[in-house]
Amino acid sequence: MLYSEAGQFSTRYAADRRLFRLRQDRLGLGLLLVFAFAVVPQVGNDYWFSAILTPFLVLSLAGLGLNLLTGYAGQLSLGSAAFMAAGAFATYNFQLRIEGLPLLASFALGGAVAALLSLVFGLPSLRIKGFYLIVSTLAAQFLVPWALVKYGWFSNYNASGVISAPRLDIFGLDLSSPAGRYVLTLGVVVALAFLARNIVRSELGRNWMAVRDMDTAAAVIGIPLARTKLLAFAISGFYLGVAGALWAFTYLGTVEPHGFDLNRSFQVLFIIIIGGMGSILGNFLGAAFIVLFPLLLSNLAGLLPGGLIDPGQLENIQKMIFGALIIVFLIREPEGLARLWQQFRARLRRWPLRY
Amino acid sequence: MTPFAQGDRRPTSGLPGWLHLQAAGQARSVALRHKRLGVWQERTWGEVLVEVGGLAGALSERGFRPGATLTILSNPRPEAVLLALAAQWLGGSAAVLDPRGEPGAPNLLARTPGRDFVFAEGLAEVERVRRAGLAPALIVYADPRGLNADLASGLISYPALAASTGGHVPALLARPVAVAFVFLRQGHGGEVELQETSHAELLREGQALVSGEALTEREEAFAARAFAASGQARYLLAPWLIAGFCLNFPEGLETRDIDRRELGPTLVAGTRETWQRLENMVRERLPAAGTWQRRLVDRALAPRAAGLTGLIGGWLVRRPLRDVLGFTRTRVPLIIGEPLPEASVQFFATLGIAVRNWKEAADWKAQDRTQRLTTAPDAAPSGFQRRSLSSVTGVQPV
Amino acid sequence: MNLFPPPLLELSHISLSFKGVKAITDISFAVARGEICALIGPNGAGKSSLLNVINGVYQAQEGQIRFDGEVRRHMRPHHAAERGMARSFQNLALFKGMTVLDNVLTGRNLKRRSSWIEQALGIGRAPREDDEQRRRAEEVIEFLNIQSWRQSLVGTLPYGLQKRVELARALAAEPKLLLLDEPMAGMNAAEKKEMSRFIVDINREFGTTVVLIEHDIGVVMGISSHVVVLDYGRKIGDGPPEEVRANPEVIAAYLGTRH
Amino acid sequence: MDFFLEVLIGGLLAGVMYSLVAIGFVLIYKASGVFNFAQGAMVLFAALTFVSLGERGVPFWIAFLVTLGAMLLLALAVERLVLRPLVNRSPITLFMATLGLAYITEGAAQALWGAQVHGLDLGIEDIPLDLGGLLVSQFDLFAAGMATTLVLVLSVLFNKTRIGLSLRAVADDTLAAQAVGIRLSRIWVVVWAVAGLVALITGLLWGARLGVQFSLSLVVLKALPVLIIGGFSSVGGAIVGGLIVGASEKLAEIYAGPLIGSGIENWFPYVLAMLFLLVRPTGLFGERSIDRV
């Protein structure tokens, strides 16, 4: 509406495959990235970096990982946190045991380990459908943290299985300051988000959605179900693994296996329900919501006259509101905040016409 | 041979001559664009020249001689334009019929002077040609559905025809005095009316349009498909060749609005019907009555909304609306033939689209006829009521 | 040259039952290359089940299928697709969450050569292949006249159009054999006419062999060169339309004098 | 050998407790096709309500009935606010809705009654009983007895009463059931209410065993593998599954624990369930459905 689409047409298919067809959208994204990379580190303060922005980014990535599996390929999983844990501990061990392994490389390897694990727990999906799968993913959810606690080797024989971050530097550039960790996280998340967007727009992405929408038909037109599903598990596992590593090292600094319990998995699931299944943008919206909402709530409670809501209750109230929101979203807007945004945008592009 | 008289920049060989001129002047810039298979396919002036030359070769190999007429039964599409130019290249003419089956259309087809060479868009048109009792030596079709398997002699697809010549390009035989287009239509008395337009006349009209509207080679002209092929031949073809801008064809009737928006044409030529259709579409798609959005829109579209409200309305409603319709860049909105009713003109005017009307000037007719009767190379078949041509004088702001 | 080319599809003594309930009993017939073969019969005659057996959605307990020179007892859907079978379903089996273009593109997934990594990174064979895939898909879209809906979600389209999109998806696979399960179900006369036109054109243009299930006898007689009649899972008629139409058993089955 | 038997019986009796939770699942699954993750939260809610009432001096049966009333209200709310708006949506959607429901219920339970641990005494002192040389927990026997009676009551309810018959009709073929005029909403309310009753009893038994506290809501995680093994749609399956899980996890803890490390009963049932799934995707008693195309 506020910008002109007239005169923006493609003469080659490649032009249609660009990230955005409209010049203005590409420009907008570019500006956003410049802002996030160049401006924010200058103006932000440590509280924002380490308490809001970094967790927001990491959770977005985790949501993205689960979304690829659940939102695109239609395979429900309650084991996200397990794969995050696997990624974190694997990264830790790669850093620990291989001299001079670049940080990003160990992130990637950690992701690869998580991918492998996810693949294994995805195997039952070849036989079973729907929520029967949650058993397999829950098995991972309980098995992995148990193993990480039980076998000291994973945490380099730390008494309580706690691992702590390696030195965060890339090409000798030290990133251990809050701003540095934010930038590092941002870089990884942005890169992986672009990759994910390419994947879901590719043949593989279409196959995922086909399997999700109607697997019988998918098989009939020759889509290899097993391969498609397992790739979904593996790639999703990779994303979750990297997210776990970031969670442990750029956000928390130190983490124990129980930091990746069932509730974490639920948190990630809620991100994609609220943000929007089958959408890349949705993960960021959902994560922003999950991170900001509690802060908002506690601030509101703070505004109320003292003692009206005692802090102990706040958590319960928060829980109830989250639960209610989940149901409301599932009823009113199953495709989440992302859908709302798309509808708004579509209206804007047609305005003042209705259709 | 050279299509140009010595020392004179103006070609002496009609429309194809101008094609040569443009190809020489701006071989690399885009001459034709039409949306097909989801993207806008482009032809540069150089390619157009080669293609037309090849077609001319193919036609002459199949016995198309000077003075012959190629009947075109098709919605506007590049193939039709290029084939018409090829026929004119060989000193012949193109008889353009409106493919949309209005009552009496078949007998128009039966009366076409060009009985041996036909361009029929697709299966339906080919069948109509056959029903009309024509037995052409050559039927060229563009849309292959249901025709590839048809092995009837003389039936050939456009690509096959274009490829059939061995690069042999015949001499350019077009002459200004020669008839370029023949238009047939059902007169009000039910009798068939025949119009013959010479190159000279088309070029004169075209030149008038070009100078009147100051058209440059940078225009993007949008040929709505609903706008009959004949109309385009008369009002877009000559200006296109003279000014050397780019002529754009949408993907289809139902996608034209989307395509117009994508393209954002600077020159839009339509008929009263096409403009009114557009207006009605807008009116029925405006926000539902009673909503605040509707009130905003109504205020913005109220005539003479001036001052601040005018400014706001412009940014919040008129400008976006222009863009949705694809008129953001439109500089020359034309209506050909009967004028729009005042209300509609007002409507578009408030949007900032000053639709201009091209009128026919009666006084030119007589003199024009004498001129043409003496110069016309071929006497039209008896039994047709001869009717002289309108010609365009200039802008008539509405 | 061979005056009697082998049939493209040959079913011999196919029997199928669900939990002991016989759906198909000892059915054999052959479909010649390039013909349009119609499967007709009252509801519950086992027509859909037979299609499902042909491309391996169901596994027949007895009998064998010869397709394009290859004999198999069981045909897995994926394998059937690879060997050149495409089909549409009785009650639409489109991917509702995807656009028309994407649905058609999925029909071409077997034509892919580049790996998913190449595609994700836009390197190697991927870009050229993407163009090629898109062009072929667009050709199908143009052939079936659904350009205007290219980018709309199939879930939002009217029923008749969805049927056409499903046909497009099947056609995009460039199949040797096209199995259409009631392609005109629930259509009005005009839509039926259009759809039959498309089917005939497909058959003529690409020489695709078509096996279709249809209830509208008029349509069947109009477009098919070979009719197979089923009733209660048995074959009661097989031959050119006019011959089948004259067959007393078929008439009986349709007028229901026997029941 | 005796030791093995004791472990086995102990496991079996513990399994009875799992079965109790699982039965709640099965009821709801049969009637509304919903995989009710909130069952655990309902157990917590019921137990907390009951105990807190008791602590406020409300006599046993009153408290019991009041809690039952609360569960009925919950059922009504669920039917009206969750099931009805989500009718004929995908099972996964419904499942995720029950996740939300679980959060609400847990939040509400703790907001109302606080998070501290409440003791619950049903008046059965837990002294081991000596049965022919085998030491068996008296409490477990009592629990087993409760479970058995509950199952009997349920089976009577569902096989003899009209509501039960219509419930089974719904479970068999929802559309047909509606066609013969069975009102789904009523069925749902009844079933969720009954599930509430089951939750209450489960809550009492588990609460008496572990104390009434948040961890009660986690029994749901025990019930999942039970269902997978027993099959979602069979009460008998739930019981057998429960016994299998109970027994096997105890045995595994005792015999495999030393080898691979203790504390395996958290995940062992799931691994067991996965193996079951790979062999028999619909569980022991679940029936397979052929998806038509």
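Each chain gets a letter, A, B, C and D, in the order it is written, and its residues are counted from 1.
Throughout what follows, a contact is a pair of C-beta atoms (placed from the backbone, for glycine too) under 8 Å apart; a residue touches a chain by one contact, two chains touch by 3 or more.
Every value quoted in this text rests on a predicted model; they were computed, and no experiment measured them.
*Asks:* Of the chain pairs B-C and A-D, which one is connected by the greater count of C-beta contacts?
*Replies:* A-D is joined by more C-beta pairs in contact.
*Asks:* Counting only C-alpha atoms to place each centre, which chain is farthest from chain B?
*Replies:* Checked the centroid distances; the maximum from chain B is D.
*Asks:* Between chain B and chain C, what is the gap in Å from one C-alpha centre to the other?
*Replies:* Each chain's C-alpha centroid was found; their separation is 42 Å.
*Asks:* Determine the centre-to-centre distance between chain A and chain D, using the mean Cα coordinates as centres, and give it in whole Å.
*Replies:* Taking the average C-alpha coordinate of chain A and of chain D, the gap between them is 33 Å.
*Asks:* Between chain A and chain B, tell me the centre distance in angstrom, where each centre is the average of that chain's C-alpha atoms.
*Replies:* Result: the chain centres lie 54 Å from each other.
*Asks:* Nearest whole angstrom, what separates the Cα centre of chain C from the Cα centre of chain D?
*Replies:* Between these chains, centre-to-centre, one finds 48 Å.
*Asks:* Can you list the residues of chain D that touch 2 or more other chains?
*Replies:* Counting only residues that touch two or more other chains, chain D contributes 293.
*Asks:* Identify all positions of chain C at which a residue touches two or more other chains, and write them in rising order.
*Replies:* Touching at least two other chains: 57, 89, 93, 134-135.
*Asks:* Give me the residue numbers in chain A that touch at least two other chains, ranges are fine.
*Replies:* Residue numbers touching two or more other chains: 12-13, 16, 216-217, 220.
*Asks:* List the residues on chain A that touch chain C in their complex, please.
*Replies:* For chain A paired with chain C, touching residues are 12-14, 16-17, 195, 198-199, 202-204, 206-207, 209-210, 212-214, 216-225, 231, 278.
*Asks:* Mind pulling up the chain B residues that touch chain A in the complex?
*Replies:* 33, 35, 38-42, 220, 261-264, 282, 285-288, 293, 297, 315, 317, 320-321, 323-324, 326-329
*Asks:* What does chain B use to touch chain C in their complex?
*Replies:* Against chain C, the touching part of chain B is residues 36-38, 144-146, 148-149, 251-252, 254-255, 258.
*Asks:* Over in the complex, which chain A residues touch chain B? Could you list them?
*Replies:* Contacts found on chain A: 1-2, 4-13, 15-16, 349-355.
*Asks:* Can you tell me which positions in chain A touch chain D when the two form their complex?
*Replies:* My answer: residues 74, 76, 124, 127-128, 130-132, 134-136, 138-139, 142-143, 146, 150-151, 216-217, 220, 262, 266, 269, 273, 312-313, 316-320, 322-327, 330-331, 334.
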